[in-house]
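Every chain is named by a letter (A, B, C and D) in the order it is written, and numbering of its residues begins at 1.
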């Protein structure tokens, strides 16, 4: 998808790609008439490559990110930077002072609805912001193998919402309180020390509050809503459906289509817009909309969630890294 | 229902009632501790009766209306005045000049939604009014015996919408074009020379248009919508549901409750408001909101609909009574 | 309002009433042609009084409740029973074993939408219940004098939502975590040691979660929503508006009416239904739908909220009364 | 837009293009690295061109269509085929029997919502179809120069809805009744003998009804709705908005974004799907979804509308060509 979006962007061109699964890489390279590199290192080093987009497994992000930065090439990296805050902090220390633009793939910031709500709130359309309510539920459980190595729900799923909360609140988060339950697949969750149903409450120094509600399985589809409540009003960015047909029959009215299935469909416009923002950042015409520190903060908050559940108390982020 | 509404109204009291079905009358009279009159004549004549509400079969309306007017008692009469425009015109001639307030039970004018839309349009909130779209479908077929004597769909059902169109358009209707079909119960409709599915198009001298869509059976409930389209915007008065719960499950979202079942439920607030308007008219604090001439006009338009279908042409109302 | 609802109920009659504000009492008594009692004691003792509805200031509830129970008269008491859990526990001890029906006025349980959602969830329509999300915001600040003596937001406002959460969850609450902020009127809140913007997270022994979001002032109206999320779907009981008209103009579409203003309008049907449930309980045809212990539990949870905010930790309800 | 869609389609390639405005053609050709032909004839004749898409002014359609058919190249032609039914009939006679696929650009058939509604109705999800209600209003007046030569509202605008009505009804249209008014720009409309506000009623031999409501200017945006009413239910394909954010403030709730501006945005997915259907037709894997005869029928119905308004009567299509 990223390759297609880059190729279709009027101010970008796809130079080539690398994928450990060679046939996939060859197929995409073929379709676009571009190089299929032999390794990530080769891709990052290639003269034809001006900028790098990293959408590989999480464990490779730190190395590739560092390589791209050292090569002086702007980089767009999928979240999370890493599952270990310590490794992220070490990387931060190593690349400190580099002028190379680093952008994190917090795609939800670029959703037309979420972004419009954020702009409206930031412009004061609902006065002073008081509460942010984020509902985020996946349409179904990821494979067991993913769950087992994902770093846990707060790092694999909530992390998007933690970033979105920061984006919406417009102020750093001071406290984190989380509740975790095992209701969808209790056995798997217990085995992994993980949760499938969580609520996270955040607050800022000025008292603004955010609530995140997550589930690993919503049978009715990918539920992605944001509500912003302020002193002068409320904004709601609602779910998108497959189409806008409603059916009205004996006993029930207003029956609507399922929600768009999953992130590829739901955030298709956002993924496209993300490339545009990356190009702007590369060209220097606009600041990076979600950078390395945003990635680090989201991971730090995810860690705080685990700690809060473990200790049954509110965590002060000032006590963490 | 009318008896209960009168009894509950702060500025009205139920004096008594008459019903040809004596046990029903006794039951209601008992419940409210009022007189059950022996005849309509007795009820109309009674000293304790200051005003009369007629909700009897259509064929009795003309006589009771005339009796009430001659007794000098303000009267609220259910529509239609009669099935025969000639009889209505004769009555009009006989009671011409009487100062007694006569109000017609065009209850939809008093629905909070429809009334708010009309007020907003009349106040210019959507600029100049161009089109009125009325959707009006019954939840199910009335009994055969009703259909056989109702005077036909345009007089028993569309008449409400014809009045609503006049109310919304704010201008007399110049032309009427109607299309009738037999799709719900073709055999019954053919036998009665009636239709169960109709579309009526109206236009005014200034070119404003109204469209009425009727069906004698909507399985999803009593469908009552009004759309007002103008030079500066649009107003939609939507259906009311039994409650505001939506259900979201695998394969379908937004599943809402059925529409409120039928006119008693859907227009409960309107029936209450109607009594208030009648009391205002009796007390002389406000003009009659829907009077005898409104009832006559609606019947005339219903006649025009039948003529239009029969002759396959647009009818000029100026050619009728 | 309660007097009118009792008078209008087909199986109840208003016997009389007492109000410390004598002119108000006289006015209502006059209107209904009933006795205006000289004292609460007289009202409770009167032979003509079969059952008692207490809608007096909170501080009087315990005494009146006890008097009614001792008089053997079923009682419907507005929440909260008292601001002091200790006093409530003492009362509980004194009236233990009494067969007199005591009903608490948790009116939201009787709202057509909320009640339909609860029934659907209890009937398994959304599988196993996982999360309950309650949004409850007042349209505006109560007078300072009320805030100063109300017992704080958790006891004056959240208490309704705490009861609703228990009603929806169908399982006792095991843990309580609350966050409180002063964003609407920081000075007043600081002076009273109170909050105007809170988030409460509850969980049950089986892991079910509830989230309550409160604000003392929502400029767009009285915001009352409930969302039930389960293994097989979701139910949302939405806000009610003044009417169902939408307006569509240059630059904005779907503009709807304000929400129904406040609890009298929003829960008008619920207040009516509440009387019916009380009559059922008096007649013994149905169990009391919300009893003394429900009132005690809600107060206990409100206390837990204050404790959670004060100590910055999750409270185990098993550690409280 | 068509060039971009062809280029992006996985089973199509853009071979080249011709536009009388040479700079535009050069610009698009450059961007896609394809030939800019010197004339339509050259484009149609080119060996590299396997199929032809005609999106030129209406007056050129007949000639280009015939040229493409004679060259044996499948053709997708924008509606209408021509403003003159006689010319269309003559062309039909000249190309009768040709096996070359001809597809008409009735893009609304391919809208995800409209298409899903049609499929659901055709699959019997709402029983037997009784009524089709099409609302179609442009966001603003086209330039005077367009209006003056467009062939009139029924041929330039309603023609899309006439085709959509045929598509939805699934049965040929037997009668046409139209009403036309001059409310948006009376002077221009009178000068052109045209209308800006029209209602069209259609019926089929079996009695099914369709209503089309048009306006040349809806200030709230491009209003495109379809309602299908049947014996077992109703389907509504609703408008699309720029995003799904609603705003709730003092005095108004549910304030939503404007409708997607015009046909390019509103039917973007449909224009894409149209190319896919054309490719299927070229490859012979699916029948042409909207062919020459569909184009002829829509034009015939548009003529019937003008005749109906002129003569104030219902037109039998059997009396026309």
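Following the convention adopted for this analysis, a residue touches a chain if its C-beta (ideal position, glycine included) is under 8 Å from a C-beta of that chain, and two chains touch if they have at least 3 such contacts.
All values reported here derive from a predicted model rather than from experimental measurement.
J.: Show which chains lie in contact with chain A and also with chain B.
T.: Per touch definition, common to chain A and chain B: C, D.
J.: A-D or C-D: which has the larger count of contacting C-beta pairs?
T.: A-D
J.: Are the interface residues of chain B and chain C largely the same numbers on each copy, more than half shared, or largely different?
T.: same
J.: Suppose chain centres are the mean of their C-alpha atoms. Which chain sits farthest from chain B?
T.: A
J.: Chain A to chain D: how many Å between their CA centres?
T.: Chain centres of chain A and chain D, defined by C-alpha means, are spaced 40 Å apart.
J.: Centroid from C-alpha atoms only, then distance chain C to chain D, rounded to Å. What do you get?
T.: 56
J.: Of all the residues in chain B, which ones touch at least 2 other chains?
T.: Residues 219-220, 232-234, 239, 246, 248-250, 257.
J.: Work through the pairs of chains, note which ones touch, and then classify the graph as line, ring, star, complete or other.
T.: Chain contacts: complete, every pair touches.
J.: Can you tell me which positions in chain A touch chain D when the two form their complex?
T.: The contact residues of chain A facing chain D are 8, 112-113, 116-117, 120, 125-126, 232-240, 242-250, 257.
J.: Applying the document's contact rule, which stretches of chain A touch chain B when the two form their complex?
T.: Residue list for chain A touching chain B: 219-221, 239, 241, 246, 248-259.
J.: With touch defined as at the start, can you tell me which chain B residues reach chain D in the complex?
T.: Residues 127-128, 130-131, 133, 135, 137, 175, 177, 179, 181-184, 197-199, 201, 203, 207-209, 211, 213, 215, 217-220, 223, 229, 231-234, 312-314.
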